[in-house]
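Once you scroll down, you'll see the structures, which are given as structure tokens.
Each of the next two complexes has subunit A plus one other chain: subunit B in the first, subunit C in the second.
And now, the complex of A and B:
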């Protein structure tokens, strides 16, 4: 491998990128812009869930309870319904996500300590929202019932401080209020920094599509030089985003950065090498840009989203998917970014993930070079 | 139009992806996203080591949310594993826990540490542990008060779920993924139509042929529409047969509205296509436009929880209405009257987008 040859390919590719100004700007800004958009789309705290009420009890106690339920920002009272039919209609039309039905025995049951005469109906098409309503209604009901019962018990001479004797002390490390964007932004880095891999796949497929690959190979440049020369400009484009995104994360989304920036930079270069090599493999196999694009979506984009543990814990995945996730550079990088941003760990802990990334990068590059040779021979 | 199909024949990978890629992806995503959160690694540090503490551990294990890892023997061990992201939560049962429970004025303390670096599993872990502890607390109080436990039913209210009785995650995720997948399929293939010609310099050849610009546009559109609707049928089949999601509404209504939605996205995709200098550029533009749409659809988070300004903007995003329509018809069996506002919005937006894209494309071609 000669540096001169490599540089020639890099220069050609950069010239090519620069000639098409629109594409050049897009390659540079896409990761950061998409990261911002996705964070806004995904890091939403559920609140203002519309609910309806149907109060069969109509007692002072049920009215007091209703007031408690709708006191916060979490649940909004859409309407006090008159009948079950009305609730059904509202659910079908999507006007409410949940309905609370207070049985006629509500106050009687509560005062005689028999339990809670409540029913909650939720719209199962959005279980997240419905589950949120259930949790919050349940939580308020529990507190309400506790207060009523302890005052009852006190009145009858039994001493209880609270009906919940266990003092549960929950703390969350690294992200004390469990703000979703704090772990989402570092996680999404592994998705958006994968976008240059699409560009690598496209630019290699483009040489096939335009039948310019043969010309390139007639030059004294070796295949591995050609492949590396193709990905270096995109590694640089990715690195530019690596430099910018932490500042956005800290200033805009209040994500802490506890680790070392140098370690982050170094591991990001290794990740880009591994991830972009995946794009290289696709580009070598596909003869047209559209096919390269479709395959990139299938093997880079969607697994990168769903199997790297960003949205969905890897532990809960089925065995096969858990195996696959190990071979995705994004899985290793998501652990690295979370570690560097939130936990503040350094290379002493992160080195096995770095080794895995280098290994994956070499395997992908090797595969690409091997098949590249066979296909053109 | 014939030419478009001919182009497809040369490269068999592309038609294969066009026709089945969407369904394959949906199968993969649906499979990964339609399951509850389970098996979260949890570390327990039981300093008490009494029957009461062991019972608590068993109750936590029985929730099914956790997979217990090797028990901790020190705080350092918990910190070490938490730092490495190996565990999602840790429960610390202090010495004397059982004693405090049985003492009449006892104050049993239970410490829980969540790994905030993964907030979704952390919240799930919190929910599960709180549930166990509340149930246990209730039991203890009842025992202490000497109230007849049989008579006391506890504070669990009855819960009924409509449209998705078993709270199957697939009901929620797959119809939405189907909606998004149709959008991306159409956008990408529409966006590549003209940019490919432009990149190869064949657009000029096409324009000097005796076709009007409208004929060229229609010729280019038909394959995209056919592929889009074919993909949609297969994907709907995947949703129904592979994920067992019932289709409760009318099929003709679904397909009719899918056709309208296809036209809307086609207009957008072709406008991008005419605008772009290369396929690469049109792809990057689709990615951006698609992400903006994704943000407003309400797939990941309910739109009503977003700021008012975003809720207003969402009304002007066709994908937002399409998602509501599809969820409504598939899961709730909505009739056209139930979803009329969404349908009207979709038609109005479609007309506006279609009109302007057509004008823009024709102007660019002429």
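And now, the complex of A and C:
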């Protein structure tokens, strides 16, 4: 391999990145901007969900119960409805996301310790919000019922401290306040670093589209010099993002960084090599930039979102998708970034993921080199 | 293979899915020749040049360029040739000089030698004052000259040029051919395809390619000679009518129209001038000009193509 040839291609490609506005934005600006936007969009806590009430009981106890339900910021009382028809109307118009219906026997059942029957109607078109309302109503109802029942038991002469036999105390380590950004930013890093992979896919297709491939193939350059020369500048560009993003994460979203920055950089280089090689494989097969871009979305971006365990736990995926996720560089990198950022683990724990990334990088580069021919037809 | 045969194709065949782009092509090109490839669009000129440059594979037959067997090792030839693609294929985001340096590096020209040769090439391509201009902002003619300069930096013994003057204005075309002549004099073997017959006339030998086959290969003079007749240039007040009148006359082999003028291919100009003149006057056509002209490659070329079409 000739270092001169390699360097000539690397230099030319860097000049292209710096001079072509589209490439510059895609490689150097897009990852950071998309990461910031997505963190804002996805890390929003659900609050102030509007609910309606239909109180058939109309007793002091039911009014006390309603007050408890809507005491926090989580659920807002939109209105006290007079009928089921009114509730349906409000749901259809989207004024409320859930409705709580209190049975006529509510206070009688509670006082006679017959249990508690509550009906919650939710808007099934927004299951997330509906589920949230159900959880919070149930949680508050349980506390309320416990208090009433305890005082009833005490009044009847039974000495009870609490009705809860299990005292479960949950501690979330590494993200103690369970702030979603803290977990999202390191995870999303593996997604947004897919953009430089797009550029790698586009760069070979562009040579075909602009006919420069013909002139390039007529020179004594070898396949591996060309492919490496094409990937190295984008690894460097990706690294610039890797340097910038942690600072944004720490300053903007208060994401902790417990691990070693050097380990993070090293593993990021390995990840970029694997991820960008995937782009290279796409570039070898596609002769037009539009086709390369479409395939990049299918192969790099969508699986990056859905199969790397950032949003959906890998364990919950069907078996075939679980297999696929194993071969996505993003899966390994999401584990690495979360580990380095939040847990503060180092190479002693992360080395198997690094090995897997190197393996994937070599397989992808090998595939690209195997199928890239120094021929026009 | 004789020692001075520099490029040789033996029964060279290249098939694309359904089309046979090159059909049993046999060519022997000698060192130092300025060899022209002519033929209609789609005849196989580009495919032949790309094959010689090692850019596309061979379906059958053999190709040797500068002692390299392209079937065995297509890469070995690449440092021996300078190939210029038909369409502009340099980097538009790079400047003139950066393009030159890029290809200099890929052809392993040491930096000191690049520094020595680039000013000369820029002067020779008349690009010195545009050396820092992005290639995207060059005119068509300048782009072609830059592309040629990029293929010359490593001083290749062989040049393969695919329609280097297509889309170039006549002045730049002249300049371009002056450059090619200089290279020819210096001993470079040049193979150039062209759609222009006046350019074919400047070559030492010309191969006429038609439907993937070499149907003629000789010096321009010999090809013109094979026309087997003489050419009369006739200008009348109505060329369409005149054409119909002349075509069936005895001794007339072919009538080609060039604007208002008709070039009439006859077996003997002296024998046929009178009868043609008489027929034209009988049809009330006034003759503005009528004289014998030297046959050019153009007439020969069109005549060959017509004969080929009639035969098939």
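In this text, the second predicted complex is superposed on the first by the 368 of 377 C-alpha atoms of A that agree within 3 Å, B and C clash if a C-alpha of one lies under 4 Å from a C-alpha of the other, contacts with A are read in each partner's own complex, and residues count from 1 in each chain.
Definition applied: a contact is a pair of C-beta atoms (placed from the backbone, for glycine too) under 8 Å apart; a residue touches a chain by one contact, two chains touch by 3 or more.
Predicted, not measured: the structure shown is a model, and the values here were computed from it.
On the shared subunit subunit A, the superposed partners subunit B and subunit C are arranged side by side without overlap. Within the superposed three-chain model, A:58 lies out of touch with both subunit B and subunit C [touch as defined at top].
Of the two partner chains placed around the shared chain by superposition, subunit C is the only one that A:211 touches, whereas subunit B remains out of contact.
Once the two complexes are overlaid on the shared chain, A:219 sits against subunit C while remaining clear of subunit B. In the superposition on chain A, A:4 makes contact with subunit C only, not with subunit B. In the superposition on chain A, A:147 makes contact with neither subunit B nor subunit C. Shared-chain residue A:67: touches no atom of subunit B or subunit C. Set side by side, subunit B and subunit C differ in how many residues of subunit A they touch, and the one touching more is B. With both structures placed on the common chain, the touch criterion links A:15 to subunit C but leaves subunit B unconnected. Superposition on chain A places subunit B within reach of subunit C only down to 10 Å, the least C-alpha distance between them.
With the contact threshold set out at the top, residues 20, 210 of subunit A are in contact with subunit B in one structure and with subunit C in the other. Those residues of subunit B that touch subunit A in the shared complex are 11, 13-14, 17-18, 21, 24-25, 28-29, 31-33, 35-41, 67, 82-85, 88, 101, 106-123, 126-127, 129-130, 133-134, 136-138, 140-141, 144-145, 147, 151-165, 167-169, 171-172, 175, 184, 188-189, 192, 196, 200, 276-281, 283-285, 287-288, 291-292, 294-296, 300-302, 304-306, 324, 327-328, 331-332, 334, 338. On the subunit A side of its complex with subunit C, the touching residues are 2, 4-5, 7-8, 11-12, 15-16, 19-20, 210-222, 374-377.
By the touch criterion given at the top, residues 16, 50, 53-57, 74-75, 78-79, 81, 83-85, 87-94, 98, 102-103, 105-108, 147, 150 of subunit C touch subunit A in their complex. Contact residues on subunit A toward subunit B in their complex (touch as defined above): 20, 22-23, 26-27, 30, 33-34, 37-38, 40-50, 88, 91-94, 97, 113-131, 134-135, 137-138, 141-142, 145, 153, 158, 160, 163-176, 178-180, 182-184, 195, 198-199, 202-203, 206, 210, 286-291, 293-295, 297-298, 302-303, 305-307, 309, 311-313, 315-318, 321, 335, 338-339, 342-343, 345, 349.
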